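Which chain is which? They are A, B, C and D, in the order written, and residues in each are numbered from 1.
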Amino acid sequence: MLGSQLEMKKLINDPLDAPAEFLAGLALAHSDLLRVSLDPVYVVRADAPVPGKAGLLSGGGSGHEPMHAGFVGRGMLDAACPGAVFTSPTPDQIQAATRAANGGAGVLHIVKNYTGDILNFEMAAELCQAEGIDVRAVVINDDVAVEDSLYTAGRRGVGATVLAEKICGAAAERGYPLAEIETLCRKVNRRARSVGMALTPCTVPAAGKATFELAEDEIEMGIGIHGEPGRERLPLLPAAELIARMAGMVVADLPFRSGDQVIAMVNGMGGTPLMELYIVYRELHHILEGLGIRIARRLVGNYITSLEMAGCSLTLLQADDELLSLWDDPVLTAGLRWGL
Amino acid sequence: MGPLSMAGGKREVLHWLDLLQQVYAANRAWLTELDSAIGDADHGINMDRGFIAVQAELAAHPPADIRSALQAAAATLIRHVGGAAGPLYGTFFLRAAAACAGKPELEAGDVVALFQAGTQGVCERGKAAAGDKTMLDALLPALEAMRQALAEGTGSVEILDRAAAAAEAGMRATIPIQARKGRASYLGPRSIGHQDPGATSAFLMLRAAAEAWRA
Amino acid sequence: MLGSQLEMKKLINDPLDAPAEFLAGLALAHSDLLRVSLDPVYVVRADAPVPGKAGLLSGGGSGHEPMHAGFVGRGMLDAACPGAVFTSPTPDQIQAATRAANGGAGVLHIVKNYTGDILNFEMAAELCQAEGIDVRAVVINDDVAVEDSLYTAGRRGVGATVLAEKICGAAAERGYPLAEIETLCRKVNRRARSVGMALTPCTVPAAGKATFELAEDEIEMGIGIHGEPGRERLPLLPAAELIARMAGMVVADLPFRSGDQVIAMVNGMGGTPLMELYIVYRELHHILEGLGIRIARRLVGNYITSLEMAGCSLTLLQADDELLSLWDDPVLTAGLRWGL
Amino acid sequence: MGPLSMAGGKREVLHWLDLLQQVYAANRAWLTELDSAIGDADHGINMDRGFIAVQAELAAHPPADIRSALQAAAATLIRHVGGAAGPLYGTFFLRAAAACAGKPELEAGDVVALFQAGTQGVCERGKAAAGDKTMLDALLPALEAMRQALAEGTGSVEILDRAAAAAEAGMRATIPIQARKGRASYLGPRSIGHQDPGATSAFLMLRAAAEAWRA
């Protein structure tokens, strides 16, 4: 960026500074909830470390706001370390954030299944363990669009991350020991499935142009959260047909069964208005109802996004009493709050 | 000056790291464009950010020897790049540094050892194999070419020239492959027809090495 | 719309059904908070009418979600009546919603200053008064982009509406009588100013194409919330320059003065991601700090939107102890919640 | 059949309302387009929705006389249109209905009285004046033309033809005006150069009346 010439339609300054300026704004707006370190970059609860509480840390590329920095606070994450846009954080960030989150009871890393994230978190975990911090890691891989086979890097971690952070955050707040939170996190991951689609691409600020091109009558089905193309390109469909297709993919995969109760998330990719997300929720409700699946709790909104991409993702989590009870516990973060 | 004149030293290594900063700055858009097609549009940005940081680090703390230069590059890449490229190239330079421990000059065999250690590190860190459509598809053929050239008794410059040529061929050969590792693998068959960004940055790395040693 | 052919990139079915399907989805997701009537269309608190409590009602076109339907619930609105997209509701909707909101202590209509809104609310108020319901109306007109002169229909009502609904909702919950809530609402309106800008236009579903065109390097400054063009077209600017300009317009108008404390809203127009809104908030914070104005409370997010438009608006409200105390009272709605 | 044949009755009024449904359906996109430029892109959608509802209402409850037909149209528009157009056109038909109270047939003078009452209603409801760039800029010149035609002793069809012509001219004359009422006024000078959507729908209403009475 030169002088005051901006090359893309974003409310930013220098594209490279966008993630840090976001964090600075977040810290100014929510100084009661969190603190921000800019070198290395991480975010921690205002009262971190909470002595004796197992710490919860997540991280990944920026561009998915409010995840993860917006989920730091009471009842959810102790720390988050955002990398550059769509780029996993570096080991030193993760290490510093882990230290800041460690109240002496160890720290769980919630990692999404991407090569970059895995490698950087692994390196950081080694460094932390060498310092004597008890670090565990759970890898989230809930995206049904990707087959888990020898021929892929496994399934991507997407929407289940948000649910895992909420539920494990509640457990940590209740005083669950680290090992139990780790088990709980694996349980959430095992019982959750997601799929996403895009109506439009998004533009990585530092790249300055859209990650892919879509005709006016095309959508990308089976996208992740990094502005990448999806598994297939489809014609534009009405919400009823589109959501039937997406819900079908998610339901068949676990599979979810008649009699199941679920926590459902209808998530916007960043540029989709609330009107559309509730229209999607209505479709999902009726489809699941028809299958005998009851939505016991739900989130409808922008929680795990891809910059300004238009589109949505669906996440279903097969709930049980423990998960519902933890779900209902209070949470107080910039991006999610209830009960407080 | 005999065979020693064929060897590279700290000067060549520093020149190489310096060239890498220029090369990734110049190819930032191209690498990012390649990563748009089958990834998340950040590879050029990542490499550029990384080698700018390496330059700054080396300028701030001039390294004492080859090993510390490569070691500083490794630590800086790991600290500033993130993504898949950060740990992978970071590990490359970490292992390369170890291979150069105690060596004030690099004979032709040392140059090959440097790249062999680095490439080995990438294999171990990323658990990918040849044909997975990753940077290894440039690094592994390059290493093979180096070994052959060394066996034929050629000097460092020629070794690196042949390595770069093999890397370039390997890079192009990623186009028809369906990715099996990294972010591109999520695309399934749609990854076919696109050149791998990491294989491309690896080729650029080798070509820069050849240039550094030639100069 | 014919068959399964959709003509625009939206997650909807028949464009004409979008507002009603949104409400149906909202009701399914938040049955604990609200109920929806579809003929005529309105939304009321689940426990409405609350006996003895002054009722609070607002309404306007759809397309501004979460406003107003998403603000129905404890501590905010008793009822909302959304019209078609960007079209004010009709008198019969307003009348039915007023009845449903009336717990015997009368109902305040919070009306945004648009000819259509004013006319329809006026007609409805007459009908309600004829039935013996004590109806008052306050017209919100906080948009500094429009000069209030003989040569305009006055200033538009924009962001201050959200702040007025929150603050008056708290007052009603506390038991303020209708006349005092009316006075309070006028006070909020008098002390609040807003301005908005668009990076992109939006598409009214039933119209099927964008309301205006903008080049890649242009923005619209001084927009309202109905996808209309703004007062002037400007080149794309970095956030720092853009927000300095917008904050300047807002501050100069009241004027806000050194020593003032304000409630600030950085509002997204629907298609702007949170990353950018917090970058905007950071700019606003520093600009106001430089002027000696302290942000005592803030909202950063999508609250009063224009479908999927990218852009933002700024609203400042000169606060005092009463306003801050009412602001901090609990609120429990789909779109805004704290303290509960 | 003498002067009586020049009068319109319930048939003409119902035909007019019927034509309005067709006219606004056919011009929905145009009116919406005009409203995109200086408003909120809904005027055609609003008018179309309103007159579809009027048709449905009249079909479900066939009106007994002219007054009830216009009254039903008024109530339906108010209930289904919203925006500025709903109350304004609703009031137009409400006042027009009152002007036709007790009249089984409309003589030329009654037709003018109908439009006069309706236009007067729009003036009172919207508090706009000539030259504010609103529907009144079509309605007021039309009324003036009607009065003159009536004074010249012409029949209803001619009166309405001249009214439609005057409305059309008034509609076009809104183009260079800066709006002072309604949503377009928020644009300030940028409203100049665009034809007012409400003036356009008012012209269409008058042209449809002329056609209804002619048939």
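The rule we apply is simple: a contact is a pair of C-beta atoms (placed from the backbone, for glycine too) under 8 Å apart; a residue touches a chain by one contact, two chains touch by 3 or more.
For clarity, every value in this text was computed on a predicted model and none was experimentally measured.
Visitor: Going only through chains that touch each other, what is the minimum step count from chain A to chain D?
Guide: 2
Visitor: Roughly how many whole angstrom separate the Cα centroids of chain A and chain C?
Guide: Here chain A and chain C have centroids separated by 29 Å.
Visitor: Please work out the Cα centroid separation of chain B and chain D, and write it as a whole number of Å.
Guide: Here chain B and chain D have centroids separated by 76 Å.
Visitor: So the centre of each chain is just the mean of its C-alpha atoms; given that, what is the distance between chain A and chain B in Å?
Guide: Their C-alpha centroids are separated by 32 Å.
Visitor: Could you classify the connectivity of these chains, where an edge means two chains touch, as line, ring, star, complete or other?
Guide: It is a line, because the chains touch in a row without closing up.
Visitor: Which pairs of chains touch one another in this structure?
Guide: Chains touch in the following pairs: A-B, A-C, C-D.
Visitor: Given the complex with chain A, which residues does chain B contribute to the contact?
Guide: Going by the criterion above, the answer is residues 32, 36-42, 44-46, 49, 78-88, 125-126, 178, 180-183, 185-188, 190.
Visitor: Mind pulling up the chain A residues that touch chain B in the complex?
Guide: Within the complex, chain A touches chain B at residues 16, 40, 61, 83-92, 114-116, 119-120, 122-123, 145-147, 150-153, 156, 204, 206-207, 209, 211-212, 224, 226-229, 231-232.
Visitor: Given the complex with chain C, which residues does chain A contribute to the contact?
Guide: 1, 4-6, 9-14, 18-19, 21-26, 28-29, 62-63, 65-66, 70, 199-200, 216, 219, 236-242, 270-282, 285, 298, 300, 302, 305, 307-308, 310-312, 335, 337-340
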